[in-house]
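The structures considered in this document are given below.
Both of the next two complexes hold chain A, though its partner changes from chain B to chain C.
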Partner chain A sequence: MVNPGYRHFKGEDWVDPTPPPASLPAVEEVGSTRAPLNSASYFIGSVCSEYNEDFMLCKNESRSPEHCLLEGRKVTRCAIDVLQKIQANCRDQFRAHWQCLDANNQEFAQCRAPEKTYNRCLFAALGWKKAIPDAPADRSLVYE
Partner chain B sequence: MSGNPAAQDLPPKGGFPAFKYERNLPKRGPSGVAMFAICGGIMAYGWYKLHYALGERHELQREKMWARIHVTPLLIAEADRDEYRRRHAAVEREKAIMKDVPGWVPGQSVYNGKRYVPDTIANIPLHQQAGFKKD
Partner chain C sequence: MPFPFESVIPFGIMSVMFVATGAGIQYAQNKRNEGKRPCYSLDDWDRKMMDRDQRLTGTLRGQADDPIAPPEFKVNSVWKVYESLRNG
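Let's look at the complex of A and B:
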């Protein structure tokens, strides 16, 4: 990777190829770009809320990266699990939604039509429901 | 002049037309109160719509924020793992380089406190590896 204006400054020079220490249990990384993560975010948030909160409480104790490796692995595994479940059950609707997000600057408001079918499919297949915390009760939900 | 009968000026037949002394302002358009009420009505409708539009925009912004909040732990966990790996590799390299110096503690913080401080300088390994050639 070469940044514009930095031809002498190769991105490869900044990559440390050393593998992680063997004492660390192996984890798969999520390896997803922004749009699928954005599309799945509310379901990651609701399904993995325990692991996420646990991790953030741990990070609150110390910002050191080695302090919360265990909790972080749980968070990542849970997120991978959610993404795989979405892929297994609502692959086409998921793809339609995240490709729409990618084409519309990650704006949820521009992608309500694919989002509706996607949310409906997930609710039918897995019983997952999107919910924005502290949404005002006297108004209709912004995503419906 | 004596034999000449006086030629008196007389009004025209049918008399002079009535003299307009009252102000004459014909009614043009709606009254002031009505215009005020119409303008007020338009503004009230605008504010009403704006109220709901702002509420909706607020909700959309909240939706985006929560989407980010839900994936934040995941992103931090991934970045932490990478940072830990790089830091570990850097300390291993430091150990190998400074093995002949007695009393050297590899990876020791420059601060006395226990608070975690990330490295301010990126530790680049390549030029430290054997066989590295600068092109």
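Let's look at the complex of A and C:
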């Protein structure tokens, strides 16, 4: 991928192997790829909403990477926590749903059947309901 | 009048060419996507997520669902730089 305006300059991929400085608190990174993250996205959004909003407002103040390290750590830890809870409670339905998403270009509309069992399992085990923000309340939900 | 079989040969050649093209495209797409159907309508978000997947699993379509990433993931980020930036 070439950045616009630099078409005549040869670009290359560069990996920086230095670890983050020891003065920063250690945080684990989220290890899920895009299909499991898409599958858990609505639950991460509802459970971690305050940390996510804090991070977005902090980024709004300044785009410097150092400014929002604390809020970023909270977001990462919350997402890891949600994924661990899903794995502990509903691992098979979760796997079925994200494998279906992976086979269908990450489209939720193609995977309603695994999604129903997955949502029911999560609601029974953890009480989490999938909620689309700003959805009209009088219409019936297609994923129920 | 007997059936002119010579006229069927070009049609046969054309059909074989179509079949060969289709089979070749299927084979190439399978190799590229590890047996899954190809993704379409990818925007910049999807491409960058696939790059992240490659850093996590080694291939563009490989998936993993562990909550915590392996420790190599912290230090294998790729920056796209230009030689003038890196050397001076």
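Everything that follows uses one rule, which is that the second predicted complex is superposed on the first by the 130 of 144 C-alpha atoms of A that agree within 3 Å, B and C clash if a C-alpha of one lies under 4 Å from a C-alpha of the other, contacts with A are read in each partner's own complex, and residues count from 1 in each chain.
The rule is short, and it goes like this: a residue touches a chain if its C-beta (ideal position, glycine included) is under 8 Å from a C-beta of that chain, and two chains touch if they have at least 3 such contacts.
Quick caveat: nothing in here was measured; it's all calculated off a predicted structure.
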*Which partner reaches more residues of chain A (counting touched residues only), chain B or chain C*: B
*After superposition on the shared chain, which partner residues are touched by A:Y118: those of chain B (first), chain C (second), both, or neither?*
neither
_Under the stated touch criterion, which partner chain does A:E29 make contact with: chain B (first), chain C (second), both, or neither?_
both
*If you stack the two complexes on chain A, which partner ends up touching A:W128: first (chain B), second (chain C), both, or neither?*
neither
*asked:* With both complexes overlaid on chain A, does A:A103 touch chain B (first), chain C (second), both or neither?
replied: second
*asked:* After the superposition on A, what does A:S64 contact: first (chain B), second (chain C), both or neither?
replied: first
*Where does A:D16 make contact in the superposed view: on chain B (first), on chain C (second), on both, or on neither?*
both
_chain C-contacting residues of chain A that also contact chain B_ = 13-14, 16-20, 29-30, 106
*Given the complex with chain B, which residues does chain A contribute to the contact?*
13-14, 16-21, 24, 27, 29-30, 37-38, 41-42, 44-46, 48, 51-52, 55-56, 59, 62-69, 71-73, 75-76, 79, 106-109, 132-136, 139, 142-143
*Quick one: in the complex, what on chain B touches chain A?*
55-56, 59-60, 62-64, 66-74, 76-81, 83-90, 92, 115-116, 122-126
*For the complex, which residues does chain C have touching chain A?*
36-37, 39-41, 46-47, 49-50, 52-53, 56-57, 61-70, 73-84, 86
*Which residues, counting only chain A, touch chain C once they are in their complex?*
1, 3, 6, 9-20, 28-36, 80, 83-84, 87, 94-95, 98-99, 102-106
